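Structure in structure tokens, see below.
Chain nomenclature is as follows: A, B, C and D, assigned in order of appearance, with residue numbering initiated at 1 for each chain independently.
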Amino acid sequence: MGRIGVAILGATGTVGQEFIKLLLNHPWFEIRALTASPASAGKPYHKVARWHLEMDIPEELRDMTVLPTDPQALKEEEPEVSLVFSALPSEIAKEAEPKFAEAGYVVCSNASAYRMHEDIPLVIPEVNPDHLKLIEVQRKKRGWSGAIVTNPNCTTIVLVLSLKPLVDEFGVRRLFVSTMQAISGAGYEGLPSMAMIDNVIPFIEREEEKVETETLKILGKLVGESVVPASIGVSASCNRVHVLHGHTETVFVELEKEASPEEVAEVMDRFTGEPQRLELPTAPKKPIHVRPEANRPQPRFDRDAEGGMAVVVGRIRKDPILENGIKYVVTGHNLIRGAAGASVLNAELMVAHEYL
Amino acid sequence: MGRIGVAILGATGTVGQEFIKLLLNHPWFEIRALTASPASAGKPYHKVARWHLEMDIPEELRDMTVLPTDPQALKEEEPEVSLVFSALPSEIAKEAEPKFAEAGYVVCSNASAYRMHEDIPLVIPEVNPDHLKLIEVQRKKRGWSGAIVTNPNCTTIVLVLSLKPLVDEFGVRRLFVSTMQAISGAGYEGLPSMAMIDNVIPFIEREEEKVETETLKILGKLVGESVVPASIGVSASCNRVHVLHGHTETVFVELEKEASPEEVAEVMDRFTGEPQRLELPTAPKKPIHVRPEANRPQPRFDRDAEGGMAVVVGRIRKDPILENGIKYVVTGHNLIRGAAGASVLNAELMVAHEYL
Amino acid sequence: MGRIGVAILGATGTVGQEFIKLLLNHPWFEIRALTASPASAGKPYHKVARWHLEMDIPEELRDMTVLPTDPQALKEEEPEVSLVFSALPSEIAKEAEPKFAEAGYVVCSNASAYRMHEDIPLVIPEVNPDHLKLIEVQRKKRGWSGAIVTNPNCTTIVLVLSLKPLVDEFGVRRLFVSTMQAISGAGYEGLPSMAMIDNVIPFIEREEEKVETETLKILGKLVGESVVPASIGVSASCNRVHVLHGHTETVFVELEKEASPEEVAEVMDRFTGEPQRLELPTAPKKPIHVRPEANRPQPRFDRDAEGGMAVVVGRIRKDPILENGIKYVVTGHNLIRGAAGASVLNAELMVAHEYL
Amino acid sequence: MGRIGVAILGATGTVGQEFIKLLLNHPWFEIRALTASPASAGKPYHKVARWHLEMDIPEELRDMTVLPTDPQALKEEEPEVSLVFSALPSEIAKEAEPKFAEAGYVVCSNASAYRMHEDIPLVIPEVNPDHLKLIEVQRKKRGWSGAIVTNPNCTTIVLVLSLKPLVDEFGVRRLFVSTMQAISGAGYEGLPSMAMIDNVIPFIEREEEKVETETLKILGKLVGESVVPASIGVSASCNRVHVLHGHTETVFVELEKEASPEEVAEVMDRFTGEPQRLELPTAPKKPIHVRPEANRPQPRFDRDAEGGMAVVVGRIRKDPILENGIKYVVTGHNLIRGAAGASVLNAELMVAHEYL
């Protein structure tokens, strides 16, 4: 079987480049097209990408002509493509993604535009693979032959992945999360060096709202044609710190049932999900690594666990003031597990489930 | 009236240097002696201090001969000294501070060794100035002619100063605090550059315990000869980030009575305490500055508010999951308001109360 | 005598803000107007400035309405202004500055547009105050009632100030300079944090050319109506490092006459110029501070010497391969001595010479 | 053929750990023993190594008992070892390395202690592989059955590797080099974070002397039983910047014969040496990578070229003041090409030349 031809929408930005890195030697997918804004369309990729990766632009993509972000153009230039990965900014995604879905493309999107729409799956393959069934609702309702499937915000993914075994084993009533997020989450030019050197910025626009709402949808139950949000309380406080990649989050969680730190460590450590059972190509062997050291996880040392697809948990301890309270720290790679890798894993899950 | 002669115990370290800066042109106090470990004693100060301040070592102290940290030596060399500021490491403080108190010195200590002892005041002058009365208990019980008065850990001070108006106006039931602490809190050689560049360390030894216990003592009530700890729940998660000075803390607090963010901002903004009423020399005009901007406080911009003696609060907003919940962020200078400045303000308060 | 009314052209940027800081309580000058691009004109200053300074925007300027960068508008709004400081980008300065000079304003410019024009003085007051006489040439030739006076590029100023005593005492034949420049030299948004964290960028556009040509003009001799460039060889290699403020430069210099490191240190240390003799308000007492420590100057510790108006030299030693060779390191504040402070000192010199 | 058993002397430090990483799956060598100071000897490796690498300590070495740095102990514990890599501090190396050589071990040393000794080869395999012949002189003179072979200081290696093709093709008369060196060069605890944040330190002890002398020995000619140093003038100015790994050097070089930047780029680009001809396992395919971009090399992006074994050159341009002058910038990984990798490549060369 040949590989599935894919396009990357918004391929010039930070997340677009991570898609390229992850898809470069992918066993199932093959990059056939790169799209960008009208200003960049028609030009060779290397002229318009503000390349930020340590590796060079892959030779075969350097001179690839960038297409406009438009399904007709894509269809004409690369008729073999059926799957598109979207690294579009949210406002652009809002317009463009439905057009692609309508034109028959499966859109695996990292954009926030449709995450909270009722009939759009918001999926972490280890957590709620069954939500993919919303595709049928979506197609029926919108008359699309394609589909849109989204992954959560980077901070949310790292959090929810670490929470899932606790939800399953002990039940989670509510949680407080305070984040220390990497600069790459804001895009290449998002944060001037003069803003970040010797500094912390305790605010990221709309980030706390995303964490507080997306978590409930992902952990919600698919009932009939929609998701009933989980009844968990989530309160977030989001901060930017001077780290290149890797979001670190301190979590205070109230469980339904009492659990010792050792039990929590154990259920996290042995946690796996469908991607592991299906042995999806991008799936980490263990989605959660539990470190025993007193001072881990640390973003520089832990963000690349299993190629950046695993999250790393440490400092699991009793919370002194919550009922059945547990505190811990979790780190994950915001651009890989938190963005491009999340979309790629969603696409692999869709292949396994024969949506593709 | 002449100025009171003072000595700085442990004068060569990071906090010791801040004491020098704060006391250099102090209207009430005059540096007469500097002490250090036996290895440094007998040498000129500039040879043994690992100077970290942007200003140079003051001319008059450069060649001052460092004394051993011993009350007899101090008494012989500088009989005029009656007040000592302690920047000693905790283990050294444990031995040395009682000897000074016994020898008649008032010890204003930044060390943690005696903070939680029943008869030792742990004071933030704006918060619990009346706890100074423990001095009488202490003298009676220990037979000292001098005294030990301590200030809290840096993280605790910044937190509790911001909490005090909430405690007074609305009552505080419990709180979660996640910190992003500056490297200078670990001392000059505490954190290798290789550990901190492009990184976060989510652990600071014994820090969370200090925050969780000291807070209750400071906010406790002096009843008879001891302090009844406040019945507030405190849970902390402490992290080191790549910032030179200034601890930033995200706080989730459950109040007794409902309060809007505007009300919280207002009571914080107009908060003052005894240091302000007494117009103590080192007291900030406003102990808490409330910033209206969405992205403040930031350590590089806010740590030096009022010479580093004020804390800066921002992002006051409703907490979605706590009853009467409020979230906010607070930043304060860990070496000034959080250490040396705290001790100096304690000493000024003692002068005003005629303990000195 | 009343203070001279001044305007700051391009007041919203990094250098514009430094002008504000330096002029805020200036004994001779008073800020009467702030100009910016058409997009910002008409709005209150605090809405359009991307403020980067640790101090807040001064209360009296927060709501000042920004004017367009146009002499007619300035004349109408603030008829008392006779002096303008230009922090304009070079392309804008090229158009705008001559219009101001023609309209009668004295323009003290930090922009590079006219620095190398034959009849435009390029002045460091301690080095070539006599070059101000080009103003007369300029007025005659261009028919201006005002004037344009420029200061050098930040890197050049720091270098040339340190060289001047060597030129005077020993003669300088040629020099190599390799720089480690601060991020603030590129403007607030000039360098993304993702570009600078854990990195060096060994290139700054047109910087080496500026150092190599400006140096010769400043050290040149005014003969009749023009400056004969110094016959000194200059070769530069310019780099950006992760420092907020303060350019550090390693210099390898070949002297005409042999000099020991001690002699070099001595002539640098006792160097003064006209600003010191005239006691100009912004002049440092000593333009060059020589540090004896093996590891100084360092930008974080030395950039603020004398309010950022002095440069700091260290590591003066023999060069092993140049004839009469000397090596040293010099650091100076790129935004103060290297930009806004340089223009302000030029203006003060003009007042002293009665050009204003 | 089985792999050669090797020991790493001084295995707990920064360079020792890089040796482990490089030797872990080496086709010719197999780690059999790790040595450290008496304080660490007898303990499991993971208890005494202050591990700094992003990868974890390899499973098979975690619990390996650390040996004292003593040939007798090594011989008893691991009789199969014949080659030792030395990451010892210079003072320790001075005592220990001759004992190992005397006991029959080949010592490939990164320490500076013996680099400049007349009968000790100081080798970069691409540059002066023939200097290995000094081993015979050394054995004869010292009566050793083993040998000591050294590699240069990290800064020197990066410089000399980039110079070698220029020496061969055009001749080099003299050069100035100003460095921007990574913090990892000082060892894990060598530079406190408080020293480096927002700063540059323009001094590294004895570094300039090493660059100025080692360069001449490496580029010298082996005549009879000793090396006649190259008659090239070298002047260095060494600085520490806030970069984790990767030394960047600006070079101003005077050639014997004129060469255009294009010719220089070409000879660098096609340069290879014996390691490439012999296809040694650790040899980079191209020792020098020439980047055409205006702003490269940059340490974060270029230090890992060919696993950190290639150096990266950019910004090749005419020098305006030197006869036949060329300027360029070169970056190399200080711990790999500049330290552990250099020793490993030396050992591979010795195997190929049958010294092992």
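One rule holds in what follows: a residue touches a chain if its C-beta (ideal position, glycine included) is under 8 Å from a C-beta of that chain, and two chains touch if they have at least 3 such contacts.
Keep in mind that what you see is a predicted model, and the values were worked out from it rather than measured.
A.B. asks: Among the remaining chains, which ones contact both chain A and chain C?
C.D. replies: Touching chain A as well as chain C, we find B, D.
A.B. asks: Among the chains, which is located farthest from chain D on the basis of C-alpha centroids?
C.D. replies: When every chain centre is compared against chain D, the largest gap points to B.
A.B. asks: Measure off the straight-line distance from the CA centroid of chain A to the CA centroid of chain D, and report it in whole Å.
C.D. replies: Spacing between the chain centres: roughly 41 Å.
A.B. asks: Hey, how far is the Cα centre of chain C from the one of chain D, in Å?
C.D. replies: 42
A.B. asks: Counting only residues that touch at least two other chains, what does the list for chain A look like?
C.D. replies: In chain A, 197-198, 242, 244, 300-301 touch at least two other chains.
A.B. asks: Note which residues of chain D are touching chain C in the complex, please.
C.D. replies: That would be residues 174, 176, 178, 180, 197-203, 205, 212, 233-235, 237, 239, 241-244, 248, 250, 252, 294-301, 314-315, 319-322, 325, 327, 329 of chain D.
A.B. asks: Enumerate the contact residues on chain C facing chain B in the complex.
C.D. replies: 54, 197-198, 300-301, 304
A.B. asks: Considering the complex alone, what residue numbers of chain B touch chain D?
C.D. replies: 14, 52, 183-184, 188-198, 242, 244
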